[in-house]
């Protein structure tokens, strides 16, 4: 029950991030709605496909497309409100990342997937929506370039797996992991945390 | 039976659209064939994955890759013929969109998916092939930018769901929905119908 | 057993190709790791999704992400070594293509998929990883542009299907097909083999 509410929340915030990215690229209303749904649902659909939970919740349950639609309309018609948040796409994206990374891990554990695979699935469902959003706008996904992105999802998923191994109630692991992932990501944005980049002579000289 | 023939037709026209896009981008013969197959099959494969109809028809039935191959060869070797149609990619794309949107909805209903989810699946199978075609060419998909694209698929899918709810024979809903979707899309191309775009001060200023 | 070792090898070399592409694009460490995993696993995950072998081996078996991670770290920290190979991305990519094309075909045959569909699945699992790698870097995938790419995968898959039809042991078909695909691809790179490109008047003039 709580997990479903958190899943709806993650859907909503990722939809906000997709819609905000779409409005910035001057897409029309339906383009914005398609992008909302893609960003909101791609991670969860990928997770459900991979654990064989078919049809995926994001298709079966009308609340997912409805939430994505509401988020899309909200951003489209009230963009100035959304815009007040300094980096709306990134903040909503961080919240969606945190929620989906921990919920994806938890759902995979419920399907008797082993812990390492569950964490992988959590990370994939956390980053899937944002990746599709960026790919559809013909941009290199944030996850590949951004400061401390995949590592935040990894931290959140690890907490969920550890809580499960310790026999703690799922909600504790999900709450702690989600909070950790969200805070790491926000701090990384705020302070521009960067992980090292390889800078070898000879890199970046074309597509050899 | 009729549904299968329509599915083959949708595969063929989407393959034509993929091949025409590939020839325009000066891909070689096999690149054109890969793009034909991707555009022709992505929507149906996505639909079959999501409803759990595995392996997908586009893989199981040799007619799908064969049709995609014929369409690819036809466009590659007879491009001037295809070119006479003023906007070949867009017209074939419109026909594929219409056929897959209504057939995807109908197939999902046959798999006992609820009406709203069936319409979602129809829209996704309608737009999936064209999205993959454009993403593979590193372009923003038409569905996100084009005049009245997703809304045409939505109209077609809605007719199929309504016909099913009224107990009409599937073929009636598919025919009416497909025609409606195709006509809406063609008129949108012809007359440049546009849906409103959000134009707020502060949009489009970078990737803030 | 041998098939699993070859699958691990394919995962490793595709991960090297993904990591090398990531380092060239100056991604940070975790971006490189995500790209390693995406390139290494996308083909196999797609194959397993399409034949209904869930959860996919690349998720279920911790060796796959571990191998992708090792390959990513290796490339990231020892790029000059990798760089000595004149065209590292392309050579690793060729080896991954060959291994996954034949193993994908063989695995599909084991799941009682018909021969033509098995070859299609092999080709898709061979080209899937490289396609995702390039799409994530916002580039047109090599398979669409490169000299004799899909045709090499097709040759390898055809040998596996033929060996199966002749009742030869799987390992014979896999070895011969994989070698054939790899050699064709390397020769195509070395000698710049090109398949004809359609050059009609009127192509390439915008997105008409």
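Each chain gets a letter, A, B and C, in the order it is written, and its residues are counted from 1.
Please note the rule applied: a contact is a pair of C-beta atoms (placed from the backbone, for glycine too) under 8 Å apart; a residue touches a chain by one contact, two chains touch by 3 or more.
Which chain is which protein? Per UniProt: A, B, C = Trimeric intracellular cation channel family protein.
Worth saying up front: this structure is predicted, and the values here are computed from it rather than measured.
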{"item": "Contact network partition after chain B is left out of the picture", "value": "one piece"}
{"item": "Copy pair chain B, chain C: interface residue numbering same or different (half cut)", "value": "different"}
{"item": "Intercentroid distance (Cα basis), chain C paired with chain B, Å", "value": "27"}
{"item": "Set of chain B residues in contact with two or more other chains", "value": "49, 135, 138-139"}
{"item": "Residue ranges of chain B touching chain A (in the complex, touch as defined)", "value": "49-52, 113-114, 116-117, 120-121, 127, 131, 135, 138-141, 143-145, 147-151, 194-204, 207-208"}
{"item": "Chain B-touching residues of chain A, taken from the complex the two chains share", "value": "22-35, 45, 49, 54-56, 59-62, 65, 76-77, 79-80, 83, 86-87, 89, 135-139"}
